[in-house]
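Chain nomenclature is as follows: A, B, C, D, E and F, assigned in order of appearance, with residue numbering initiated at 1 for each chain independently.
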Amino acid sequence: MWRSPFRRILGFSFVLTASWATAASAQDAASEISSSDTAWMLASAALVLFMTPGLALFYGGLVRSKNVLSTMMHSFGAMAVIPIVWFLWGYTLAFGGDVWSVIGNLDHLFMRGVSWEEPAEGLAISQLLFATYQGMFAIITPALIAGAFAERMKFSAYMLFIVLWSTLVYSPVCHWVWGGGWLGGLEVHDFAGGTVVHISSGIAALAAAIVIGKRQGYPKSPMMPHNLPWCALGAGILWFGWFGFNGGSALGSNGIAVLAFTTTNLAAATAASTWVLVEWFFRGRPTMVGLATGAVAGLVGITPAAGFVTPGGAIVIGAVTSAVCYWFVSKKESFGYDDSLDAFGVHGVGGTVGAILTGVLCAQTLGLSGFADGEVSRGTLVGLQVLGAAATIIYSFVVSLILLKIIDAVIGLKVDPDTEVAGLDVNIHGESGYSI
Amino acid sequence: MWRSPFRRILGFSFVLTASWATAASAQDAASEISSSDTAWMLASAALVLFMTPGLALFYGGLVRSKNVLSTMMHSFGAMAVIPIVWFLWGYTLAFGGDVWSVIGNLDHLFMRGVSWEEPAEGLAISQLLFATYQGMFAIITPALIAGAFAERMKFSAYMLFIVLWSTLVYSPVCHWVWGGGWLGGLEVHDFAGGTVVHISSGIAALAAAIVIGKRQGYPKSPMMPHNLPWCALGAGILWFGWFGFNGGSALGSNGIAVLAFTTTNLAAATAASTWVLVEWFFRGRPTMVGLATGAVAGLVGITPAAGFVTPGGAIVIGAVTSAVCYWFVSKKESFGYDDSLDAFGVHGVGGTVGAILTGVLCAQTLGLSGFADGEVSRGTLVGLQVLGAAATIIYSFVVSLILLKIIDAVIGLKVDPDTEVAGLDVNIHGESGYSI
Amino acid sequence: MWRSPFRRILGFSFVLTASWATAASAQDAASEISSSDTAWMLASAALVLFMTPGLALFYGGLVRSKNVLSTMMHSFGAMAVIPIVWFLWGYTLAFGGDVWSVIGNLDHLFMRGVSWEEPAEGLAISQLLFATYQGMFAIITPALIAGAFAERMKFSAYMLFIVLWSTLVYSPVCHWVWGGGWLGGLEVHDFAGGTVVHISSGIAALAAAIVIGKRQGYPKSPMMPHNLPWCALGAGILWFGWFGFNGGSALGSNGIAVLAFTTTNLAAATAASTWVLVEWFFRGRPTMVGLATGAVAGLVGITPAAGFVTPGGAIVIGAVTSAVCYWFVSKKESFGYDDSLDAFGVHGVGGTVGAILTGVLCAQTLGLSGFADGEVSRGTLVGLQVLGAAATIIYSFVVSLILLKIIDAVIGLKVDPDTEVAGLDVNIHGESGYSI
Amino acid sequence: MKLITAVIRPSRLEEVRKALEELGVHGLTVTEVRGHGRQKGHTEVFRGKEYVVDLLPKIRLEIALPEEKVDQAVEGIEKASKTGDVGDGKIFVVPIEECVRIRTGERGEEAL
Amino acid sequence: MKLITAVIRPSRLEEVRKALEELGVHGLTVTEVRGHGRQKGHTEVFRGKEYVVDLLPKIRLEIALPEEKVDQAVEGIEKASKTGDVGDGKIFVVPIEECVRIRTGERGEEAL
Amino acid sequence: MKLITAVIRPSRLEEVRKALEELGVHGLTVTEVRGHGRQKGHTEVFRGKEYVVDLLPKIRLEIALPEEKVDQAVEGIEKASKTGDVGDGKIFVVPIEECVRIRTGERGEEAL
């Protein structure tokens, strides 16, 4: 059966320390459904869904106006198709009964046996609410990848890719970490998806950028963002929705949710400030794109850690993740691939930094880490995080690469050069973003 | 007294089956106010309010730029005036003591006697919260109609129309279905407003399109949407807010809310996918407008059914509603009226399809339909749905037509031709949507 | 120790009247954390955070396109830096142990001792949730000021200013009213921040407009808003978020939250209608900017009153605040300063009107005012409100003025004239809002 | 060869294009401009104050033509864009010395 | 008849229009353009990298005039749009062969 | 002095600018326009119906030049903007009678 990060901690804390147990409304073994946990989780699920249109704006504002719709269609396309995939087989592959610690079985195919009356194991919300909430994560994850190949990928290839990727990468990795698989079993910490969501998608983005190749004119011609207010609003919506993403990952309306909410806000703010300060220092100008990108980087960084670290720890994570991502993104040209909107630079790099810092900063003394102070060494904690990240990086990279190569061979990944010049909106979608 | 769909089901389930009763936190006859139901209903009310600015963007992006403000003013105008109408007399007409099964009495004029301490009958939220939540539905419903006469209706006539329409159509129909009136008494199923909100407004839209006549140049000159990112964001906000609309219609933080939330998401996704696939097949291009319109059609279709069907049923409803709306919308020119933004084509048609499919698909076995399996035939269920839809169609069409004719006679519905050419924004509102 | 408005009322109501006590889930002296109060307060905190991007759009749409980013950066800059200030010292200055009734002590420096397990005093939410929720208010307040000096203030000066202002004005005034200081002790009523947020920021805006001087060409050349759909969407987001702002200020999921939610919606609607009607009457055109500005004015006006007045009272507050702000804003040119986006005209004036009307309209009979009917005279109530407003006006004006003068002397407040002509976006931020 | 520059009402663009098609004139370049002349502007309202906006949206057409088609074209444009109200716009004719079709390198009238 | 085409700084538009009004020149057509010349562009920053933007926003005016008003008008525009800094812009004068007022069908100088 | 007006594909702007720089021509003014000629438009879809959009985005360049540089410049633009597909655009050359540099008041060729 699946195991939530929350429950995992709880499992431990029962044995080792009960100091913070009162804060957890989900703890009663009796495990009846709690109407108040349900309230917060419904709100959280809505917030996470709202992140995907936010992502559409964030990415859409950063491309040239001739590609705004095709870029937004990546996010909206995921909203249209992933809920169906999740319902049909995605959920059961992630959270069905464990098979060899690597994948879920087919018990819940078509969400069979997922009850809206029975509590999810160890939680005080129903199985269906758990499945629905998790489904929102499944939507946004493949949409994040799209930043890497914006402005040049075929829509048909994209849609095919995310269906396959969600099935063959997202569901397995989700199972490893949260669904009863081997990474969760090893106590790798991933509170809200630093590994499951951000590393997996960020690394797939790298693979995609490599396979699909550069945009015409990159990096010589400047490709300036066409509408920065879109981008800023998108970042604002992401920040807002992330409260449901991280706060909701407590899977109940409890103290951990409050903690995760607080750390999320602080990391976003610190990371936004850090990015702006760094670029102000190096480039002389504090930019809106920088502030927005920094905020997102900080949100990525805090995701694996949100319920495991103190607010002070969140500030450290925000600052470090942002600085590393800045450095990486500003150097990316020299790496020779064209990650158009820095999906790898922010989600892959930021997710990895966050995963490791989770090991460094998770609060053992407070019992947040799932280990009593001194029970395991800090080195072990960090080592586990590195292991989790590395496993996800390798798996996601290899499978993504294979998938992309196959799709490329079968239907082609990249639009033809004329379409790329004229813009994907008009040629592929038969629409213009803006008219009079 | 008013009766919620939720309570109605409950009433039945008590007699027939108690299998799912534990999920319902609202059930205690004692009926104290539940703080957790309150939490979710407050969040839901906020979400439903947010749908109206979302609608403003959805519609505003689809018109030509010279009319963006006048189109958005339809939505914002409803936000400005309907809460007052609802407070003064709308609520009591809908939910005041029943008069002959057709209208509420004036007990709650000016919301007199609507307590924030006493629970609404049979619910665990206060009377005031119930009234406020319902008031959000009253806001968006007339705003939906505006899609039919965008780009040519006088603002004064519009404001007058929605005040009258809300009073003479919305409140009565709401009473019929949810307030203790005859349709609710017959056990017509309308979970969250397929009939009350979408059929009533969609049909009024048809009446309005007929009475006001076409835009200059329609259908010869293309009238392309001026800003599709607006439209997409609007659809995203609508999707997000619809969780409060349907999920909140459980009137508590319970299993039905979870079910409605899940079916809402699945129907929206399936409908979006369906529309895109259909147009990809017939027109060769998958469009953003298509995806957005499909999602909205699916949300309309699932509205009457959200808490009555299984997730699998939601997928069927999404797919069918979307396909029917596509077919209808793409044929509309041949019907000879100008429903500018397809308010009838999506809300009228989609609402009717959804209402009927609710009868076809509502889950008797699970007790969701309010009837134990076999107690009433599927035919009876469908027949009741057809009756409910037909009654609403006829009533809304006739009253809307009369209202529009009277307003036309008294102050005129349509702007003068020069204003239409120059754009309503500059001439009526003294503003331009965009400047340098 | 800090005291919430809610607790203050409760304190009183225990002595004087228990009639509405059952509605308050937070009342048990035992004071355990309530999962349902937590759910609503988490949602509210997210909603309040979302108001700041909303403000960015509201303000950003109203400036000329060359300054859209610099204007949005005021809001996003506050999101980036204020959470850190609040964490480090802002919270403890506002809600640390009282020092002479004027400021909090340093007990909670770095949020030391703010527990996510222990309830906040007299409440059923944790101390950390209370602190995080209050932190969202701290973010938006300085961002509101920015309307006064949009299109001409240096970003460096702005950032420095809000850090200092938050420390030296916001935290103290917050302490006076809510944190155990002298205004709260006198029973000055401020439900959700009419004084703490709107008067303090609105008056600072006046000071800033005076110190920084006019924009080139003001008031001769028209400076038309460049994108009114932004502005409308911003107002919509503000309205939506304000449910968390006012509804959340009940600090629990209870009857007061429901009341505040309802009055908020009604005041916004009435104020929007009033503004539109007044300008329709005087200028012949109902405008989108008017509707949006009116709604915001109404939301400002109801803020101090939301949980203290009846829905009928909310309508009065909405109408009066809106009319007074309209009058003021339309006359502002004659006052000789350039409050670009009417931060003073709406928040300063509207906040003061709302504060006084709170005294006039707070419902003694229902026990909402904290006084039993007849216990204190209406005159005393109003007098206290005037006192609270006056104290805040004087303090905020003087300290803001001094801060601005110092910053002006040290690094300069205003951009150079060439930058102002070319636009701040390109010169200060190195970005253009829009490209092809 | 001549270059006709016509400033017309945005709402007449399609009519004008139809008229030109009928005359066998297919090539043209369109710019969105704002113009001022005898036509009164409108007032816009912003927070209770009125501002006169007297640069109104117009469409500017450029059409390069051989000498012999100029008169016809001018007349065609005139007819198609005339409403009789102030603000109908202007047509200017300017001589062209050389014309090149970039794709083929053709020069002169063939290039039109 | 001549056509004056002036490329000026956006911030000078109102001054120039006032100057023309004073000379009794009311009709003009305005286009938003971007220009490059001796004026240095500015750099924009995008995620840590700098790009030079050397097409700067300018306003292009077209004014059709009778011969005799041209000199005055050129001077008027010059004065009103001059700041003395690089980037002030250019004025070009081109001959017009024919002019039509669409509303009335007037031709030649009356049509201006 | 001549005024070259070139209507080119948006994607060739940078190439053309580079070509002109190489010829020592630095000043130019750019307008976003839409054009129609032999190039087929594309169809757009809106809710199940198709519409032909046959005004396509183009870039219009204006370059004032001394007589002697015109031929070179025309050739340079030609080469840099040619793709060989329909829709490459046109170049027109028109005489200028007077040119003024606003900043300095210079007239004639010096002002270019």
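Operating definition for what follows: contacts are C-beta pairs under 8 Å (C-beta built on N, C-alpha and C of every residue); 3 or more make two chains touch, one makes a residue touch a chain.
None of the values given here were measured: they were computed from a predicted structure.
Participant: Any chance you could name the chains that touch chain A and chain C both?
Facilitator: B, E
Participant: Is the contact between copies chain A and chain B built from the same residues on both sides or from different ones, judged by whether over half of the numbers are shared?
Facilitator: Counting shared over all numbers used gives less than one half: different.
Participant: Tally the contacting C-beta pairs at the B-C interface and at the B-F interface, and name the larger one.
Facilitator: So, comparing the two chain pairs, more contacts are at B-C.
Participant: From the C-alpha centre of chain B to that of chain D, how far is it in Å?
Facilitator: Their C-alpha centroids are separated by 46 Å.
Participant: Which integer distance in Å separates the CA centroid of chain C from that of chain D?
Facilitator: Going by mean C-alpha positions, chain C sits 52 Å from chain D.
Participant: Among the residues of chain F, pick out those that touch two or more other chains and give their numbers.
Facilitator: Correct list: 31-32, 44-46, 50, 53, 94-95.
Participant: Mark out which residues of chain A touch at least two other chains, giving numbers and ranges.
Facilitator: Counting only residues that touch two or more other chains, chain A contributes 34-36, 39-40, 43, 224-225, 227, 253, 283, 285, 287, 289, 430-432, 436.
Participant: Quick one: which chain pairs are touching?
Facilitator: Touching chain pairs, listed by label, come out as A-B, A-C, A-E, A-F, B-C, B-D, B-F, C-D, C-E, D-E, D-F, E-F.
Participant: Quick check: in the complex, which residue numbers of chain D touch chain C?
Facilitator: The touching residues are 44-51, 53.
Participant: What residues of chain C sit close enough to touch chain A in their complex?
Facilitator: 33-36, 38-40, 42-43, 45-46, 49-50, 52-54, 56-57, 60, 68-69, 72-73, 76-77, 79-84, 87, 110-111, 116-117, 125-126, 128-129, 131-132, 135, 155, 227, 230, 428-436
Participant: Which residues of chain D touch chain E once you look at their complex with the stated criterion?
Facilitator: 2, 5-8, 31-38, 55, 58, 60, 74, 77-78, 81-95
Participant: Mind listing the chain A positions that touch chain F in their complex?
Facilitator: 221, 421, 426-427, 430-432
Participant: If you look only at chain A, which of its residues touch chain C in the complex?
Facilitator: Its residues touching chain C are 20, 22-23, 25, 34-37, 39-40, 43, 47, 64-66, 224-229, 232-233, 235-237, 239-240, 243-244, 247, 252-259, 261-262, 265-266, 268-270, 272-273, 276, 283-289, 291-292, 294-295, 311-312, 315.
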